[in-house]
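Notes follow the structure.
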Amino acid sequence: MADKAKIAVLGASGYTGAELVRLLLRHPRAEIVLLTADRRAGQEMRAVFPQFAPFNLPKLVTIESIDWKSAGIDLAFCALPHGTTQTVIKDLMAKAPKTKVVDLSADFRLHDNAAYARWYGHDHQAPELQKEAVYGLAEIYKSEIEKARLVANPGCYTTCAQLPLTPLLKAKAIEPGEIVIDAKSGMTGAGRAAKESMLFSEVSEGFHAYGVGHHRHMAELDQEFSLAAGKDVVVSFTPHLVPMNRGILSTIYVRGIDGKSPEDLHALLLKFYEKAEFVHVLPFGETPQTRHVRGSNMTFIGVAKDRQPGRAIIVSALDNLTKGASGQAIQNMNLMLSYPEATGIDQVALFP
Amino acid sequence: MADKAKIAVLGASGYTGAELVRLLLRHPRAEIVLLTADRRAGQEMRAVFPQFAPFNLPKLVTIESIDWKSAGIDLAFCALPHGTTQTVIKDLMAKAPKTKVVDLSADFRLHDNAAYARWYGHDHQAPELQKEAVYGLAEIYKSEIEKARLVANPGCYTTCAQLPLTPLLKAKAIEPGEIVIDAKSGMTGAGRAAKESMLFSEVSEGFHAYGVGHHRHMAELDQEFSLAAGKDVVVSFTPHLVPMNRGILSTIYVRGIDGKSPEDLHALLLKFYEKAEFVHVLPFGETPQTRHVRGSNMTFIGVAKDRQPGRAIIVSALDNLTKGASGQAIQNMNLMLSYPEATGIDQVALFP
Amino acid sequence: MADKAKIAVLGASGYTGAELVRLLLRHPRAEIVLLTADRRAGQEMRAVFPQFAPFNLPKLVTIESIDWKSAGIDLAFCALPHGTTQTVIKDLMAKAPKTKVVDLSADFRLHDNAAYARWYGHDHQAPELQKEAVYGLAEIYKSEIEKARLVANPGCYTTCAQLPLTPLLKAKAIEPGEIVIDAKSGMTGAGRAAKESMLFSEVSEGFHAYGVGHHRHMAELDQEFSLAAGKDVVVSFTPHLVPMNRGILSTIYVRGIDGKSPEDLHALLLKFYEKAEFVHVLPFGETPQTRHVRGSNMTFIGVAKDRQPGRAIIVSALDNLTKGASGQAIQNMNLMLSYPEATGIDQVALFP
Amino acid sequence: MADKAKIAVLGASGYTGAELVRLLLRHPRAEIVLLTADRRAGQEMRAVFPQFAPFNLPKLVTIESIDWKSAGIDLAFCALPHGTTQTVIKDLMAKAPKTKVVDLSADFRLHDNAAYARWYGHDHQAPELQKEAVYGLAEIYKSEIEKARLVANPGCYTTCAQLPLTPLLKAKAIEPGEIVIDAKSGMTGAGRAAKESMLFSEVSEGFHAYGVGHHRHMAELDQEFSLAAGKDVVVSFTPHLVPMNRGILSTIYVRGIDGKSPEDLHALLLKFYEKAEFVHVLPFGETPQTRHVRGSNMTFIGVAKDRQPGRAIIVSALDNLTKGASGQAIQNMNLMLSYPEATGIDQVALFP
């Protein structure tokens, strides 16, 4: 591979696609050579996202117009809608076995075929790849990602919940049966599809929960938390929409076990993330704000005492488009291509 | 009393003061005869709130310039900061014993002197009035309010949490020791004081929790929930700030007892609020949005199944300035003056 | 006609439809008996606008299901998309000649067939009605509206520009050839159609102009300003989108003629609107904010000196859904049904 | 000078200070060695701006605690309030003559003592430095800036207006007496001082003009436009506040002279900015949005035809904290220290 890896972004007309392009344009070891957007094929990227007008970027093409064999892509990011993704990646990896893939959809996040079928209502179209895919939470699966050919980039809600909870569950420090995750997301998490419920006037100046009791992200949480705890874990999880663009904040209610105090949980997280480039644990009692990680790949985690003895309130915050999607995808790319982990994703948060 | 009660608003330069004026200007049985704002005394209301420019309103005066004996006020709303309130009301009620008072501050909400001193760090300055004051949650204490001379208007967060939970605790339908209230408020709940943390650029485009583990509203919740349950109740409660002006949404996690299902809890609330003018219980499984109660005195409550058997997620929404403050204050005034409960506060929500 | 007029709202699933319902629900002389929404027919209004859940309203039906002859409608508001409107109204008025109509679309605003065809690219489908229709700017055409059967409710941008400029042009106080109108609107002015460009994340946290040099609203301005000035007037007009829901603010740059100073222009407007219920002229030098008229039918107008001798800056503000659409429509209804002009639309602005 | 210049930021607790730190933290040739904030002295930067928690930064100190002689600062950014700035810089430059200064306040922008006294109501405290200071609009005064010791960084409104207008005035392509600049700014332009008028609830969900007819930025515009045109120019300029954090958009109405068409003006700007790193001229007829330059040092300019023959509408957009303040300040630093002009300020805009 040359000094700069040749990169494709499939699905460049959505928000995670734009965020990939924003970051890759300034990545010293990456060169964007291919951008797809089926409905906008033939157009310049600037017609879809005017902020890219000053930059030279390849024109948008359809996926089916690509000859994967000769394309010479080192790594492809796949930011396509759920469902179509698995057939696109199956085809790509069959024709270009040396091209690595980071998939930002949910298609390859569940390891278990049966669980996939149960949550999504149909069989997986690429079961072998499903088996091969590595779950791309770099703070937990770093060594697996380094060797992977296909990485399933975690969801934004689930990244925000796993980063504080997985180390605590692994350490058997909290009661797995009493976890309540109250999550709040900015609007970019819902994508760029033109839906009435996502219009400015339907979203601004108000707040609401959605998918109460049955959100799909729970499948991913069930899998990862059960793995971490070594037994079946089912959490209470409620997502909400905040009238803001970027950011997820999770307020998490837990009970320490075996006498573990909130201070103990804090110490445990502090130690676990001692050397992490993208997780910052705040001093005990402080809690984070989403605005202070905006546009950065950073996750902030705070731990405070609840009023009820033995219980703690943990608050985590990240930017759903960066650490929650495209930044994390590039973090995975860096590991897969043996670059230093923070290459090109060390932006300082944009506040105000 | 004449056809229109003579009304004073103490503290008219804050947001709850403005909301009182907005509603009273169109109340068919009320006439605003006195407006105070110490720092803005001598000014017209339009200088403080330009939306009132087209209306005839009395000039702002200081509280100390008022001769309560001769003022002939039927009812005074007190929208003053915590602390000074109790001495102002003590003085007012001593000099004008026929003037009724609805207090929007926290000063008279706690019945217990010791609890007051513990939460606020000093003894109450008007302990007799503290004893006399009626807690003004009209849906629960209607008959007491009708006879009251001094009503302590509930807090906005606590109204939003009590309306769904108090009936369930009274009915012993939920486990009092396992209640988690994750509450989110618009910015007007924080008042109009010029603080850096409340500037547009500190608040918009982001989300955060505050007062984690030790918010003062908990004193009021402890009192009322313990009364309802007939034993000490301590809940987990976390307030958050939403970049919006009006609205509180509470996401509440509860466990039914004695086999009470989420559907049972829903049925119980539906029955309890059958005739309530200002509480609307949504069909089972639906949850509310704050924008749909904006500017109205209405509370919307939804109940849904949690994934964990036996657990329910309850979501309640109200406008913190209306049902959470000034609308509820006028609801109390209506009861105290023997007007129909909804007089002047039947506005339809403003959406979008 | 009975004590309450029987009212139909055609197109009740859009924002101006919802605003009509909000206002009509509290109008003492109006009863909503018919609501249409073709794509939502069969549904309850609460499914489309949850804020109406507590109210009894007729179910949504299709327009074609209505038997106009027997419907007994006193007045129909037509809040349908441009184009289809003219055939719907033609049919309605043919079948139910006693039903009066207030049309909120642009279909009947232009008096001139040729101008209509030039701006809209096709001939008008109801040219006789186009001739009969009265332009519904109540502050200018009150007596015509009182006698009208069909009123064309003005556009929101044009109302905001005409209220300050028409009296000045009629008085020949400003130079008609040097008017610059820089207009800014909240998002509800763009309606409720699901378009990518209207998504929260495309609109919030940014600002832009649109339709620069060729916006359709100019046809209406040309007509009315030319009528007022007694000669052809062509103004510079640029609309912009503000990340807010409600409100239009127009910043207007004019030059006084015949020695008319900014103070003279102010005095002229003050006198013209002396008895107007819904136009408030601020003291000289003060300029308005949209938030102070939100949810009300009020227009605020301010006049200030420009730095260049002889030039003035005029700023006008209104709520595009109320005075800019549905409130003005009800104002027209009141005049058409011989009710006092402000009946049911005297709400105080909702701020904050 | 070493590989990295030693940089001081005076006034690091305001928004332009934070933006300087954000950019300097990733500038390959700069090292932050000194941060001041008088009222926050002794605190860590993370207490003032939590987004910097993960970074090593010097503690905040007072200005008076600094020994300028021994501090060894290569370049100081001065982001202090107007007025105090001139005495601080006078003292600094007397004690450390080798330290270069980029001043972000208005103190050194006016060349003329009399004009300064007229606009600010007092004599300048450092008249010699006022004479020496170079006006830091890099696109116009590049060679002067390269040699300067003290650069007066332009204002945000004025940068946004000068970039499109100065080349046109220099080329005598537009009528200097008929320029109308209607400018709209995000809230960070107003700084971080705790004022009632800047609270979230006073600013969100509304729009207004301010300082109509007499804004201080006009002094700077008068000076620069008169220089460009070679004669006295007085423009109409009205600033407005948009409920957003970052961004300025100027809608500018001009008349071409000597038969210059809007297309000619566009061609002229395209040519003038052919090699500019931070000005991008859009295709004729397209106009920019502030969100597409957010967080970047880029200015977008669009030119469109007005309806009135011979008149054009020009729209320019930039981020007031980046190109309008701190990004431009670093652009000036780069020139003063002989670095490539775009070093460290080539961030891609953050949208959405």
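The letters A, B, C and D name the chains in turn, as written, and every chain counts its residues from 1.
As a convention for this text, a residue touches a chain if its C-beta (ideal position, glycine included) is under 8 Å from a C-beta of that chain, and two chains touch if they have at least 3 such contacts.
What you see is a predicted model; the values in this text were computed from it and never measured.
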item	value
Chain whose Cα centroid lies at the greatest distance from that of chain D	B
Pair sharing more residue contacts (C-beta pairs) when B-C is set against B-D	B-C
Centre-to-centre distance between chain B and chain A (centres being mean Cα positions), rounded to whole Å	40
Whole-Å gap between the CA centroids of chain B and chain C	36
Chain centre separation (chain B, chain D; CA means) in Å	46
Junction residues of chain A, two or more chains touched	15, 188, 201-202, 204-205, 243-246, 288-289, 291-292, 294, 351-352
Interface residues, chain C side, partner chain D - complex	180, 182, 184, 186, 201-202, 204-210, 212-214, 218, 234-238, 240, 242-247, 249, 251, 253, 285, 287-292, 294, 302, 304-308, 311, 313, 315, 317, 351-352
Contact set on chain A toward chain C in their complex	15, 187-188, 192, 194-196, 198-205, 243-245
Footprint of chain C on chain B - complex, ascending	15, 18, 21-22, 25-26, 49-55, 188, 204-205, 245-246, 280, 282, 288-289, 291-296, 298, 300, 321, 346-352
